[in-house]
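As structure tokens, here come the structures.
Look at the two complexes coming up: chain A is in both, with chain B in one and chain C in the other.
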Partner chain A sequence: MHDTLAVFIEYGPQFLDGLAETIWLTLLGALCALAAAVVLQAAAASPWRPLRALVRLYTELILGLPILVLLYGIYFVAPSFGLRLSAVAAGILTLTLYYSPYMAEAIRAAIAAIPAGQVEAGNAIGFGWFAVARRIVLPQAAAIALPALVGLLIGLAKDTAILSIISVKELSYITKQVVSRTFMPFEVWAGVALIYWVCLTALEVAMRRLERHLTRHRRAVS
Partner chain B sequence: MNLKSLGILALAAVLGASAAVPAGAASLKDVKAKGTLVVGIDPTFSPFEFTDSTGKIVGYDPEIIEAAAKNLGLKVEYKVMPFSGILPALIAGGFDITPTLNVTAERAKRIDYVVPTATSTNAVLAIKGGKVASADIGALSGLTCAVKQTTQPEQMMQKLNKELEASGKKPVELLGFETIDQTIVALADGRAQCVVDDKSVLVEAVGKRKDLALVVVGDIGGSTPIGWGVNKADADLTAALSAEVAKLKADGTIKKLQDKYFGYTMELPEKDFIPAQ
Partner chain C sequence: MFKGDLFLEAIGPVASAALVTVQLTLAAGAISLLAGALAASAQVGGGFFGAFVSRAYVSLMRGTPLYVQLLVVYFGLAFAGLSGQAFLAAALAIGINSGAYSAEILRGAIAAIPPGQIEAAQAIGMSRWRIWQRVVLPQAFISSLPPLTAELTIVLKSTPLASVVAVTEMTYTGVLIQARNFSAIEVFAVVAVGYIALAQVLLRGSRSLERRFRLLRG
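Presenting the complex of A and B:
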């Protein structure tokens, strides 16, 4: 136990750098994936058929690929077609491409859960398309979509560890380095598992708070 | 179960795991009893260890291992994993031995080595006519170099980087990958200007990828012996394998295999091969 602590103190700055990289990748990856998901969902609801077909094709393609294959494709194969991204950019793009169809589906289901009558009622009292979206659909849909989106966010956070294989220097990459220096695989990986667990649990708790906040109207009436 | 008790349970599990003592691999007696020598290997390192077109694991070290195992009356079973997992698994007792391991003082504190079967000199691989014309560490300052994660060449470069920084020069940026072919793709794509690894492996890559105009620009760092790693708990297995390697050396088998796989022969140290630091 004492040795383990000594390793984490000696390599502390490196672990912190790795953790910062992991957190940053998670935040940026989640934001990009969410933005892409909104675009995908908007395109899927478009009246223009070829666009809808394109979204469906893209979704089917991504859902049929393991994230590892997607990552290798973007990092090692895409340069042959003129797209050379840094390891971090390739990692963010992979997380975005992989998670956006899932997030789009969560958004679609949440919007579909809003009764059509509410939209019609909104129109009847003179709300335009934007006002209906902002004042009626979005506040309710966000609360409905949140639990699914949080699950995906945590999945995305965990998948950042895969990026270590293309030399992204996040927490798992640093851990492999430290293990190769200290030869203490059990102690170091156990400690790092604890770090991941604490961070992901904190993220989940924070998101649950947000969910309670978004659903406060449901409690207010009871 | 609420979140707090779940947390305590997880904490207990993690601490329990960290306190657990590795079971240790089998001793020579145990290995003989099961009749199989289990070899942990990352067969992506031609000509030392690789897979042929049928998926069979072949190469310089596998051939010596199979000959040694045969003499000991053992069958060989391979467990394949990426190199970054090999040493942790060996220490955890996941298999009996692992071949093609640079002998370093740091590693020798945690694992034992069978007498070396090869010597390794690291070299710098680059694109012909590119930015790297010399294998001198000063000439690599500020450039990007691809290496295999957690390997001796990577650690050697990290050490050379400290020397560069101490003399006020920019370090070499290191990109760490899982396999040697990935490092070569990074070089070909222009993400790195050089690759540092064992010279015979790089020479083989130059021959295999003639389309890339690769060139070995020179040696870097000293040479180190390459041996098979064994769990420290298995001293008698290490001794038995060392004796077999010595026999295969005496009867000329090893020289013949060096000719077959490397195209040249190398002198092998028999004792005191663990470097001081």
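Presenting the complex of A and C:
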């Protein structure tokens, strides 16, 4: 126990660097995936049939594929297309490609939950397309989509750990390095698990707060 | 660019590795069900202490990456004198992780059983254990069958992580072949098709299972 603590104190700066990288990867990955999800969702709603079919095919493919296979695929296949991806770029690309269909589905379901009559009413009182989206659809849809999106965000945060396999220097990668120097794999990995647990639980609590804030209108009525 | 012969060459080894993936999925699935049933029971009928332990288990499993859990289990086994047990470690880690999700599914199903049934069972003199075994658990299992099979699909999709501790399941076999032949596209195409096919088998199986149990429920 005492030795374990000593390891974490001695390699504290490295662990903090790794943690910062994990947080950064999570944020960037989530933003890219969300942006890609909006594009996917727009494409799925397009009037052009081949595009819709393509989105459906892509979604089915990703839903059936383990993220690790996608990661290996991108990392090993990209060079044979002449694409020299850095490990971080391959990691972000994997997170984006994997999580965007799930996020697109959450967004689609949330938008579909807004009664069409509200949009029509907005149009009737002279709201333009943008005003309807901004004032009526999005505030409600965001609150509906949030629980699913939070679940996906936490999943994405946890999946950044596998990026250590392709040597992205995040928390798990640093842990591997520390283990190779201290020869205390069990204790160090267990300690790092605790670090992940504290951070992810904090993330979840913060997101639940945000959710309560976004749904405050529901309580105000009832 | 895409070489047909390398693609065909990869099919044999990947197909035999698919057997390991299936074994791993089934072993982890069984552990998940067992852990989930235990945790759900503890949360519903285990008193204050049982509920606390169960809640902590679920929170820890959901709040840490499976990758880290796998390494903790792998080195934990080594720490306990069972070193080099990669398959066992992978099955345990994936199973215990998934067990937290199974527990939530089962807890929901148990909560949905009408209390009148339990009171009726008490009234005709069934013991607590008997009620659990004859009234609560069978119905909870049937009504949670669709989400549990969805969870099994997630287990299947978690098995590639076993490649981290060198279990030669489908993904690791793919990695090994492409390192030897420089045939990344061909090999990962085979591996991807393998997972999609296995997921389809699971989907079909779960649908027929659901149909069968729906008849039973009447």
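Assume the second predicted complex is superposed on the first by the 222 of 222 C-alpha atoms of A that agree within 3 Å, B and C clash if a C-alpha of one lies under 4 Å from a C-alpha of the other, contacts with A are read in each partner's own complex, and residues count from 1 in each chain.
By our rule, a residue touches a chain if its C-beta (ideal position, glycine included) is under 8 Å from a C-beta of that chain, and two chains touch if they have at least 3 such contacts.
Since the model is a prediction, treat every value here as computed from it, not as a measurement.
Applying the stated clash criterion after superposition on chain A shows that chain B and chain C collide. Within the superposed three-chain model, A:Leu200 lies in touch with chain C and out of touch with chain B [touch as defined at top]. Once the two complexes are overlaid on the shared chain, A:Lys158 sits against chain C while remaining clear of chain B. By the touch criterion stated above, A:Leu68 is placed in contact with chain C alone, chain B being left untouched. Of the two partner chains placed around the shared chain by superposition, neither chain B nor chain C is touched by A:Pro147. In the superposed model, A:Gln177 makes contact with chain B only, not with chain C.
Residues 76, 79, 165, 185-186, 189-190, 193, 197, 201 of chain A lie in contact with chain B in one complex and with chain C in the other. Chain A makes touch with chain B in their complex at residues 1, 4, 76, 79, 84, 86-87, 165-167, 173, 176-177, 179-181, 183, 185-187, 189-191, 193-194, 197, 201, 205. Partner chain A is touched in their complex by these residues of chain C: 1, 59-60, 62-69, 71-72, 75-76, 78-79, 156-161, 163-164, 171, 174-175, 178, 184-185, 188, 191-192, 195-196, 199-200.
Chain contact summary for the complex, chain B toward chain A: residues 3, 7, 10-11, 14-15, 17-20, 22, 84, 87-88, 91-92, 106-107, 109-111, 146, 149-150, 155, 175-178, 182, 185-186, 189-191. For chain A in complex with chain C, the residues that touch the partner chain are 61, 64-69, 72-73, 76-77, 79-80, 154, 158-162, 164-165, 172, 175, 185-186, 189-190, 192-193, 196-197, 200-201, 204.
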